[in-house]
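Each structure below appears as structure tokens.
One chain, chain A, appears in both complexes that follow, with chain B as partner in the first and chain C in the second.
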Partner chain A sequence: MRHRKYPFIVGFLIVPVVLYVVLVIWPYLQTFGYSLTDWSGASQKMNFIGLRNYAKLFGDNVFISAVGHNLLLLLVLPVATILLALFFAFMLNVGGRSGTGGVQGVRGAAFYKIIFFFPQVLSVAILSVLFQGVYRTDQGGLLNGILVKLGLEDAGHPWQWLADPDLGLWCVTGVLIWSGVGFYLVLFSAAMQSVPKDIYEAALLDGAKRAQTFFKITLPLLWETIQTAWVYLAIAAMDAFALVSTMTPGAYYGGGPDHHSEIMATYLMRNFITFGKAGYACAMGVVIFFITLILSVVSLRVTRREKIEF
Partner chain B sequence: MGSATEYNRRDIFKRAAAVTVLAAGSGSLLAACAGGTGSSSDNNSAAPGTGGNAANPFGVKAGDPLDVVIFKGGYGDDYAKSFEDMYKKTYAGANISHLGTQDISPKLQPRFNAGNPPDVIDDSGAQQLKIDVLAGADQLTDLTKLLDAPYLDDPSKKIRDVLLPGTIEQGTIGGKMVSLNYVYTVFGLWYSAKLFKDKGWAVPKTWDEFITLCGTIKAAGIAPFAHQGKYPYYANYVILDLIAKQGGLDLVKKIDACDATAWDDPAVLAGVTAFYKIMDGDFLLPGTNGMTHTESQTAWCQGKAAFIPSGSWLENEMIKVTPADFDMAFLPIPSLSGDKLPATAVRAGAGEPFIVPSKAKNQAGGLEFLRMMLTKEGSGKFAAAANSLTVLKDGIGADVVLKPGTKSSSVAVTAAGSNTFNFSYPDLQTAFDTELQNATNELVNKRIGPKDWVARGKAATSKKV
Partner chain C sequence: MSTKTDATSTVPAQREVGGTPPRKPVKEQRFADGGGILNVFSHGFLALWALMIVGPLIWIVLGSFKTNAQIGGSAWAWPSHWHFDAFSRAWSKGIGSFFANTVIVLAGSLTLTMLLGAMAAYVLARYEFRGNRVIYYFFVAGAMFPVYLALVPLFFMVKNLGQVLPWLGLNQYAGLILVYTAYSLPFTVFFLYSFFRSLPTAVHEAAMIDGCSHTRAFFQVMVPMAKSGLISVLIFNVLGQWNQYLLPVTLMQQQSGTDPDRSMLAQGLMNLAVQSGYASDFPGLFAGMTIAMLPVLVVYLSFQKQVQAGLTSATLK
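Let's turn to the complex of A and B:
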């Protein structure tokens, strides 16, 4: 029956592979093609203009600052999300201390887990509406309302939050972290529970404190999961389109005020849809593709460690 | 207008995939680049003008389906359904598909690319397909044949004879009329006549009086001025109108043409400096610089602010939250000393562009639909359903009862007479407009001053299409 193996495997693979090629690979290739044209995005008419779009792109200050904002997100988002998720997961699974000994989470861990996961079930659209209410610029906003009531800010000049050039991007980052922590908490919890309890018990008997248990045992044993989380979050940081485009001010896909929260995706969309510079936007798409690809490869390489067997 | 429609980046990949599937049929990437899928051009066979007669100038085939897409914004989309009923009365066999949406671009861009656009589109709102882009890509039908077609209510006249002045110009790019701007929109400041009466405030005629009144209003504990901060183009209605009145119609033309020298005209600095007095006097509704149009207009309806800038769609847009005795009223932008245009002059003109794509399957039906909109019956139905005026001359019969805001704006239009002006750059110079909006947002936040605003406006002219 051996000779029947390959047709059997191919039979299963052919449909997904064809779908993948047609729906994923082919559009990517097309984007490369379109990026060499002056396509307007409103019809199939276009002229080949070589690398002119790319030359223009590297002299475009708005795009350069958008790349900068994405890189800032790339630094902040994975670090903050992973640290918070790890801390909470540790507290919920092994951080508790009880009189009888043994390994367990803090009191009410099961309840907290549900609460933390809650943001994950909300769609991005709901998140956006919800947090626009939180960040609203008059006293009707949750934050401004509280701050004004507490007398911490002047009711005549409330904080601008998303509309403030220095705060806007951070406000969005806050929402991204808030919505992401729950998922990674559950991911890390699952990984922690697969660590044999006797390792922790041995550490406890040796008198290890919480911090020591965390750094000497939990972190090394979770390394692979953290690495996965890192790559996912890096890709999320390169995107962030839905929240930035709906929450921040600015004509057509946000990015304001005055490009202060501009990211690559919002600038791409504005050029693609609004300004009719689809060829130029495709060139941005290609640049984003390569940046994301390089970052994924680099972060996988840099974080590579020897696997610990247990 | 200006709604923050939810949007997902995945949509664009879905669209890319859709384009791909279509292009895949043509064999290679180059073939796709070279233009179209071949199948779309076959649909063009029913070119209008063939087989037309006086009663049916475009040669509509009664059984052809009609595909209508309407921007469901400040005017809603109920009015379009009554137009569709009118169309069905004449062409009973026509199957009409109606889509009312705020997502014009996301829904229609892939259809344009695939060569399968609808037959009539009300192309408006924050997600509108830009007319300059569509015209550049040869996607729009030249509406000259509509202008030369007989007027349905009186076949001795042509459509071009019954349109309000400026309508044709507003939709003309490169000598071709590509969009019928159907709604006669008036732009300016709005206030509650009841509030002003209760407080004994006189409506200001000059900008100095306006600024003085702002001080009085502030002292009474109400914010004098609100604007739709997240969408700075509303504030531009005030700034650019001050500039237009000060500098005159030639300056309006130069600004529309993205002529950099327009920005050296002292009228530009005078206008924006006058506007800046609002910031100097701290007359803004707290938080208004970051609020959406809905948030700020609602606050205004609740009496938290006295004035707000907007177009005449405002009354219909806010109809659900406006108190019954609000008595909405319109005020043209007050005048500055030395103005070239009189105090009664207003920014007014044709808005809400309706287009017939050049690749529409039922192009004749689309043109006929527009012709039916331009009847007394159509115009009256629009006025009743959307509380706004249309570009049809004397388009409203005595039987149509106007709401106070619409009535007051039509009084202002009558008072202005021939002294109306309008800017076309928001429709036809999108990249320039976006830059100018960014500059205005910086200005209202006092991060830049009037001189910097002028400099940024001048620099933005380099974005000319």
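Let's turn to the complex of A and C:
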């Protein structure tokens, strides 16, 4: 039997490995090389220019502000999403009237979970077009329509939502939170349900209040799941390309008005596809890579704690 | 959990432990802060968020029955007529073919992803050979890198491949299928690797002793045993590839005026929204979105338990 083992191993690995190396690993490596050239992408001609692309990036105000916007997203998106998801998950699992059956969730918890999770399966195009409707600047927009109806704003001067330099990025962040909370709620719910109920019941017998059970029991026991969620949200915040490029104003790949919602990915795509600066775009790809790398290392270090077994 | 409770409830002496219904209301078991006020409070927040999710979606569906003037006039206008002409307009503008494109590509890429991913993960998890660790870490590393790092060379790679093998180039189904598969492999291998490791070896060994070949043991013994793990990672990949936007936008661009539009659903819908397609036809756009949402909604509602369980377990690994 032994002599047939190696042909089998090679036979099973060859296709996936070749495909993966050609289409994933090799392009990853090439990017580093191209980032050191002035390649336009249109022809084979390219000159080695050393680190000049990177030097140019540090002087590029649009790119610097794009990095800033990504970092802002990185701060706001995970915090808001995780807090909301934890809050809802706690309500659904422990927040119910605790009359007869000890600790339990609110009634209709399963129903809420189905609804909250739904945006997760909607394609990003639908999210984008949907929220362009919600953020419309006239009374036909859902948000402005509600505000006018409630008398909170003058119908003559509606909010400019996506076109407002100070609001555009926040509008996109809102969509990301809106669509993401349901998923993390279900994630945290699953983790909470694996916590034995007697831990809660013991705490209740000792006279713990609901807030205490949350901070002293739920949170520490969920720490590992929260850490996972954090990493996933950080990756989402570094991306955000699909929504920003389609929702915000701008000639190519959004980022407007006047670069106020520019993120690294939109600027990269514009330089690559529209401006034909392939080498420069590669340098941005490398910067995105290093920021992601630093972030994952930092977040894994900072959130490291002793694992609690139960 | 539930089976455990059922088991204990059949033994009367242990009834108290299982937390089964016959338990009497005991005052001490309540939260010290009662729960009545908080219950109203929590229901309020949950209902509000549910409304925030469902509201915009219903609003869009209603919008596909409105006229353009009604949509622009007021967000609260009720559709004045219930004709389906916006739906046929949306369909004729290509929603149907975008759907078909997406289904073709996903059918190919999901089959390949699952097959190749399971094969690689299985060999890496269950066989010892030189270079095993190197290949495994090679795959795992790919899951950490952002796609942007590869984007520019990938575009030219596919473009050049197309000059040698035309059916693999830009704006070709096969090209995109291979790219989707390649970029789904790291996570698929990573997840299935630990799954195959957790499976018992006895059944597999018995099959081998009975003269089963390695390949047959994989397809007839290991794959059925790994079904739950395969489903989890399949759901993860379905959603990931269904929601993919960056790769089709980069790779599925029409190469000339005569090149057919092979946009994926997300990309095509967005192009129609951004370009002239729907410039003055919001009911048509909303109808297109409704058409695009409906099958997802139906599939999600029928399989929501599996979808939620699959996604969470795939993420937590």
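In this section, the second predicted complex is superposed on the first by the 287 of 310 C-alpha atoms of A that agree within 3 Å, B and C clash if a C-alpha of one lies under 4 Å from a C-alpha of the other, contacts with A are read in each partner's own complex, and residues count from 1 in each chain.
Everything that follows uses one rule, which is that a contact is a pair of C-beta atoms (placed from the backbone, for glycine too) under 8 Å apart; a residue touches a chain by one contact, two chains touch by 3 or more.
Values in this document were obtained by computation on a predicted structure and should not be read as measured data.
**Student:** Output check: A:V186 vs chain B and chain C. Expected answer is one of first, second, both, neither. What do you get?
**Tutor:** A:V186: touches chain C, not chain B.
**Student:** Let me test your reading of the model: by the given contact rule, A:Y34 touches which partner, first (chain B), second (chain C), both or neither?
**Tutor:** In the superposed model, A:Y34 contacts both chain B and chain C.
**Student:** For A:R4, using the defined touch cut-off, is the partner it touches chain B, chain C, both, or neither? Pick first, second, both or neither.
**Tutor:** second
**Student:** In the superposed arrangement, does A:F48 touch chain B (first), chain C (second), both or neither?
**Tutor:** In the superposition, A:F48 touches chain B alone.
**Student:** Taking the superposition as given, does A:F272 touch the first partner, chain B, the second, chain C, both, or neither?
**Tutor:** both
**Student:** I'd like to know which partner A:L23 touches here: chain B for first, chain C for second, both or neither.
**Tutor:** Once the two structures are laid over each other on A, A:L23 reaches both partners.
**Student:** Return first, second, both or neither, reflecting whether A:G256 touches chain B, chain C, both chains, or no partner chain.
**Tutor:** first
**Student:** Once the shared chain is lined up, is A:A125 touching chain B (first), chain C (second), both, or neither of them?
**Tutor:** Touch status of A:A125: both partners.
**Student:** Which touches a greater number of chain A residues, chain B or chain C?
**Tutor:** Touched residues of chain A are more numerous for C.
**Student:** Is A:T218 touching the first partner chain B, the second partner chain C, both, or neither of them?
**Tutor:** Touch partners of A:T218: none, neither chain B nor chain C.
**Student:** Going by the contact definition given at the top, which residues of chain A touch chain B in one complex and chain C in the other?
**Tutor:** 22-23, 26-27, 30-31, 34, 41, 124-125, 128, 138-141, 144, 239, 241-242, 246, 265, 269, 272-273
**Student:** What part of chain A is in contact with chain B in the complex they form?
**Tutor:** For this pair, the touching residues of chain A are 22-23, 26-27, 29-31, 33-34, 37, 39-46, 48, 124-125, 128, 136-141, 144, 155-158, 160-165, 239, 241-242, 245-246, 249-253, 256-259, 265, 269-270, 272-276.
**Student:** Enumerate the contact residues on chain A facing chain C in the complex.
**Tutor:** On the chain A side, the touching residues are 1, 4-6, 8-9, 11-13, 15-17, 19-20, 22-28, 30-31, 34, 41, 87-88, 91-92, 95-102, 106, 112-126, 128-134, 138-142, 144-146, 149, 178, 181-183, 186-187, 190-191, 193, 197, 201, 204-205, 207-210, 213, 225, 228, 232, 235, 238-239, 241-242, 246, 264-265, 268-269, 272-273, 278, 281-282, 284-286, 288-289, 292-293, 296.
**Student:** Which positions of chain C touch chain A when the two form their complex?
**Tutor:** Those residues of chain C that touch chain A are 1, 19, 21, 23-25, 28-33, 35-36, 38-39, 42-43, 45-46, 49-50, 52-57, 59-60, 63, 71-76, 116-117, 119-120, 122-124, 127, 129, 135, 138-139, 142, 144-146, 148-157, 178-179, 181-183, 185-186, 189, 208, 213-215, 218, 239, 242-243, 245-246, 250, 265-267, 269-270, 273-274, 282, 285-286, 289, 292-293, 296-297, 299-301, 304, 307-309, 311-312, 315-316.
**Student:** Provide the residue numbers of chain B that touch chain A in the complex, in ascending order.
**Tutor:** My answer: residues 4, 6-9, 12-13, 16-17, 19-21, 23-24, 29-30, 32-33, 35-37, 105-106, 109, 112-113, 115, 126-127, 129-130, 132-134, 136-139, 229-233, 282, 285-291, 295, 299, 430-431, 433-434, 437-439, 441-442, 445, 447.
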